[in-house]
Amino acid sequence: MTALLAIENLSKRFGGLQAVADVSLQVNSGEICSVIGPNGAGKTTLFNMISGVLRPSTGRITFDRLDLSTISPWKFAAVGIGRTFQNLALFKHGTVVENILTGRHTHLRSTVLDAVVFFGRTRKEEIEARQRVEHIIEFLEIEHIRDAVVGTLSYGQQKRVELARALACEPKLLLLDEMVSGMNQEETEDIARFVLDIRDELGITVVMIEHEMRIVMDISDRIHVLNFGRKIAEGTPDEVRRDPAVAEAYLGGQRTEAMQVGA
Amino acid sequence: MPTTIPHPTPQAAPLTAPARDGLLEFRNIRIVYDNAIEAIRDVSIAVPEGNIVALLGSNGAGKSTLLKAMSGILYTEEGAIENGSIRFRNDEVHHLAPDELVRRGIVQVPEGRRVFAALTIDENLQMGGYTRTGAEARERRDKVFALFPRLHERRDQIAGYMSGGEQQMLAIGRALMTDPVLLALDEPSLGLAPLIIDRIYEVIVRLRDELKMTVLLVEQNAQRALDIADYGYILETGRVVLDGTAKQLTANEDVREFYLGVSSAGRKSLRDVKHYKRRKRWLS
Amino acid sequence: MQYLIQLLISGLAIGAIYGLIAMGFAVIYKSTGLVNFAQGEMTMITAYIAWTISTTVSGNVFVVALGAILAAILLGLIIERFVMRPMLGEPVFATVMVTIGLAVILRSAINFIWDAYPHGLDIGMGHGIVHLGGIGVRTGQLAVIATLLLLLAAIWAFFRYSKVGVAMRAVAADDRTALLMGISATRVHALAWAASSVIAGIGGVFFALSYDLSPAMFQLGLKAFPATILGGLDAVLGSGLGGLLIGITENLAGGYVGSGMKEVAGFAMIIVVLMVRPFGIFGERDIERV
Amino acid sequence: MRTGDYKQSYGELVALIDSPPVWLWSAVLLLALIAAPHLLNSYALSFLMIILITVTGALGLNILTGYTGLISLGHVGFLVTGAYAYAVLVSKYHMPPLVGFLGAGVVPALASLIVGAPSLRLKGLYLAITTLAFSFIINTVILEMRWLTNGARGIQVQRPEIFGISFDSDAAFTYLCLGIAVLTLLATLNIRRSRVGRAFVAIRDNDTAARVMGINLHAYKLFAFVTSAFITGIAGALYGIYLSFVSVEGFPFLLSIEALAILIVGGLGSALGAVLGTILIVLLPEATRLVFSLFSAQLDTSFTTGAQELKSMLYGLVIILFLRFQPRGLVGAWHDIRRTWVHWPLRY
Amino acid sequence: ADPGITDTEILIGDVEPLTGPPALLGVAASIGHKIAIAEANAAGGINGRKIKYVLEDDGYVTARTIQGVKKVIDVDKVFAILGISGSGQSIAVMPVLEKSGIPTVIDVAPVKFLWEPPRKNVFVVGQSYEEGIIHLVNFLADKNPGKKWGLITQDDDYGITVRDGFDSVVKAKKLNVVYSGNYKKGQQDFSSDMLQLKDSGAEVFLAGGIIAENIAMMKELEKLSIKPVTGIFWPGRIEPVLKLMGPAGDGIYAVDYVEPFAGTAGKAFLEKAKPLVSEAEFKGINRYTMTGYAAAKVLIAAIERCGKQPTWACTISELEKTKNVETGVMAPISFGPGVHFSNQKLQIMQADAATLSFKPVD
């Protein structure tokens, strides 16, 4: 397996605060991988650097053999990195379809002038984009809300729209920041199923940040654990579960058994 | 209509006043947004004094709407109580101004933290103690710091830059500053690390056991909530579809399947979730 | 040298007036998150009322000052209660638009009540000329500079130390959550409108003292708003200083480059400053986290 | 009751007008507009002209402020630049009017790069103030460049003649304005339903997310500036022709505020809103005048300033009351009416 | 018959700024029209027809002026038009007026464009700013030979006209100009400008402001303790200005073509006006009332000469035949074939701070 994403000695400082400190990790193609760690450990900051929202203070991110520091932040999507946000970052005045269409941005070509005329190539490309969007909508089972204005949807539905939008980018790597927080068991199950399908059917590599141990332990291939910006552990779900450092910093002993399948 | 399942609840006839009475009661309440969207239809809920009452339900069920009604801030979102009443200590309170409700001891930790981003932690707490005198506020602040030492460490930091978990702690601490009788928590475990959730749940239990505080707990994390709650309600699309003691609910087959993720065969792995699932019985 | 000092003093004097009105903008922005496009008109009304008091009741400085302050408070409270409060919870754009509508009403009201002729506010001391080392300065000009400095100190202390000051910032950040904490947003807003009206009104009265009352006076708002931006929209103190800075820049440009360049110089400076500090000199960066 | 239109193909998803009734109504409206110049007297016609010109300008501002969320307090700067570009090219250098119109679009578009580029880092009102500064600076520049612009003296402009068609009469000029307004509306709607428009809206709603979607923020903000300035500049040229006299004074700062008022009253971020808002704001003074003459024929014609001031107070009051009861603007009202219509007599 | 005329009535239209700061001029001019009309009506109207006056507000916004003029022509269907707003505004309505062919007498803002070339139906009562400036500067130059000069003007059409007039005298008389300022319309603080003036050592000063600007300049000069010989132009020559300037305004020169109110003609005019207008209107009287009055007189006289059935064509041709019509507020007014501008005689006056009035200087 090749490393799709390789992070070397990555650090980020905010003033006096070392949010991410000297983190190195690799994500292989076709993996579902999780990043866990206490609140404020720097997980989101790590995602922000991978997706171009923040520039690293030091260190290197290589994606698909490309050094990401050499390209402008807005090109990260075109390179193949898609993400969702911890606190929802939807275009909340638009409809679901429109939000997902925005995700297709890098795959369309029309310029302002083409847009004004809206004829020929532009029209064809728009129609094609809509076709793809319909497929994604079908895939994520959100047909019934396709024309709703995003701002009026429930939290869980919005999260799903965000996922759809990220998929519309056709990324090679999908970063999911706390996808299932605020969802109940049933909705969590749906998301788990989607994540597995995304990897299996679409061949997209997935990195998740989650605090919900059921989904982390059940579907990840590999888990990376951060604490105070540093990586303190890495391994398969079973290895991580048994790691005493992880238990102490993050899981907090008493409930780990409950997460065991079949307990 | 929903209640075709034989569940052992005392609330058999939803159209009458609730059978249990409590510190806080919602009676046959109906809430409409924008004069058009009916978010809550005829719900009756009672929160007995000194209890933890869990309010469960999927996204959009109307849980937060109930809490907004309780705090008197529905009007800020073009929402209105069309019918029914909210009673606190047997007084009708749904027409009171938010600050009066806080003074009477009703407070909530809103969904999604909502800390004052531009203010420091200290100032956020100060705002929690706005209705209290200076001395009272100082005293309560010390208690909050004792409960959440992390807040004390970073007391001069701008709240907006804290991590999600830290903000949740701050939001709870800020609510405690008002010295509440009834504390409502809207999804307190949202986005928190397991260890922190443990801590927060410990705190909630302590609030009930030591300070005799009454807690209304809205949660997605049904397992956790039912672990500590005394009583629970399940809300679906604006209606109470099930209620009972925590024990009764934990034993209910539907609740186990849909809210706790355990079937008769024990907890199943999320890898094995089927695409087509059993329907909830109360929807049939 | 004397030329420069003279320019600086008159720059400070007009800048102090801009600064006072700019602080009026900032106080409302800080506690309600709104830009009050009627600020210039509110300033103007207070000044006209002061003039009416001075011509009908008494020309005594203290009577006029007290009357003007009371009138300004009342004006702020009335506007908050009857115009702004009904808009609570509505979209910001709509609410800002309401202040524009308010500005139209106030402007016409002034012309309706008073007339289009200029009037001089003559309360004795303001017009006196003192000579400091050969430089003539009007006492009103000295007074406005002193007033601005005093108010800056008072307001700094208010936002820093008083609970209500912090509450104003809390309400601006998230009025719904502030409500949940028992902070009465309406009371905080009322206070802010009254305070803003008074602070800006003082600026207006000083303007009338140094220059004249005329129906074009509302344009002061258009001068002060850039000052607010320069200092930082949410920085009340910064706005005051922003006013001084613009006053000085304008006068230096007028004195050394040419009078036509005055206004352009002020704006050019703002653009340059914003390039370096996108949230004004003292403004706080928006807190954005994803 | 109509229950909805079902789409048969993906092509229908991108159609500008997707239901037969809307087609019908648009056609009726267009016909009415074509007939109007022959039915209205020149006073009423002047309102129609102003509305059409203002619609064009408002649609221009709508791209920048409504779609992209970049507040402009200085749009009159582009308007006046466009008017001067036309006046200088056509009246001074005797270029054909078509060249004049092109210049009226291109010159403000270039100027917008000068404001836009340094403003890329700025947000909200901080950006607004640089546009405000721009409009004041542009006034000074126009006044200073006397050799080109006649300075404060202004330039006379004649009604144009294009391809041998004279637009001298009010009716003909109205058609010109109508044509340009309709083209602008189509262009705006086309932009909105394409990749570019979605990028604008994405920047407005959440710029971080927009960038993560691969949208080049700087480039698209500049696109918004350029497109908006181009359209506004054309409106400026029309306005100049309508006034028959282009001078800095004919384009007061007030117009910038009025343009924003149009968007807000219409409903921010909607082309339909810009059109409805224009109609309301342009006709409101006339409406208040009529209301006044109802109350007292004497008040209306008497020349106590009092009556005039009362009239403008009424104007302000109407705006405030309107926003109080319809804060989402005319478009919001329209949606409410439609909802009630469809759902009546059921409430929910 | 032409519009605007019935058996009992004859309609006259006008568009003026009646709101906002320029109301000062618009309201005053309209009061002048009203006085003349009331006077005529009191004398039985025009050959038995009462005059009705239709007034529109344009708020000094050009687009609204155009609409206002279209309204009085199309909706109210007036017989003739008087007044019309500021200079930019009247220039912009020119095509509308010409196309309609309605008899028009302009009095508020006499600028050359309005009569060069003469429009068939448009007449202008007054004098151009350039001529006014030239007259004033010539007067001051003769009185103060060899002195250093300073000038400040507004950055608009009015300002440029003033400047051009000034420059022509400077060239002719080789004046020594040491300060030349240019301020932005709406500027309120003149401290740096006046400091520059002082620094330049100017002894004769032309204050090209309108109202508030001139006051601010004079007060600033007082603060700087200098008192150059100062001249102002008619738009700023209204009496309340002197009160606001205080002692600083004493002795400043002004140029105008209407009589000062302190003179016998002025006093007589006020006497005549008093019973014809309301108290509030009486307070609003200033020099523009006189220009408005004179124009209305000329128009009324022309219509009257057309006899029982006045028409537009007759009115226009009678206007053209206007010869030495006495109005009492300015020199007799005359037009002629192809001369649609009355070219009023100018006079210099001087401010007297004690009586707060302008007095003629011989």
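Here the chain labels run A, B, C, D and E in written order, and each chain numbers its own residues starting at 1.
Quick note on the criterion: a contact is a pair of C-beta atoms (placed from the backbone, for glycine too) under 8 Å apart; a residue touches a chain by one contact, two chains touch by 3 or more.
Everything numeric here is computed off the predicted structure, so don't read it as measured data.
The minimum number of touch steps separating chain C from chain D is 1.
Listed by label, the chains touching chain D and chain E alike are C. In terms of C-beta pairs in contact, A-D outnumbers the other of A-D and B-C.
Among the remaining chains, the Cα-based centre furthest from that of chain A is the centre of E. Ranked by distance of CA centroids from chain D, the top chain is B. With centres taken as mean Cα positions, chain C sits 45 Å from chain B. Chain A and chain B have Cα centroids lying 29 Å from one another. Put simply, the C-alpha centre of chain A and that of chain C have 48 angstrom between them.
With each centre defined as the average position of its C-alpha atoms, the distance from chain C to chain E rounds to 36 Å.
Among the residues of chain B, those touching two or more other chains are numbered 161.
The residues of chain D that reach two or more other chains are 140, 143, 208-209, 305, 309, 312, listed in rising order. Among the residues of chain C, those in touch with two or more other chains are 107-108, 111, 115-116, 260, 263, 289-290. Residue ranges of chain E in contact with chain D, taken from their complex: 16, 18-19, 23, 27, 30-31, 34, 52-55, 57, 59, 61-64, 66-67, 70-71, 73-75, 88, 91-92, 94-95, 155-157, 159-160, 184-185, 278, 280-281, 284.
Remark: chain C residues 88-89, 163, 166-167, 169-170, 173-184, 234, 284, 287, 289 touch chain B in the complex. Taken in their complex, chain D has these residues touching chain A: 10-11, 13-14, 187, 190-191, 193-199, 201-202, 204-206, 208-217, 223, 226-227, 269.
Taken together, the chain B residues at the contact with chain A in this complex read 56-60, 112, 161-166, 168, 187, 190-198, 220, 222-223, 258-261, 265-271, 273, 275, 277. Those residues of chain C lying in contact with chain D across their complex are 35, 37, 83, 86-87, 90-91, 93-98, 100-105, 107-109, 111-112, 115-116, 222, 225-226, 229, 233, 260-261, 263-264, 267-268, 270-271, 274-275, 278-280, 286, 288, 290.
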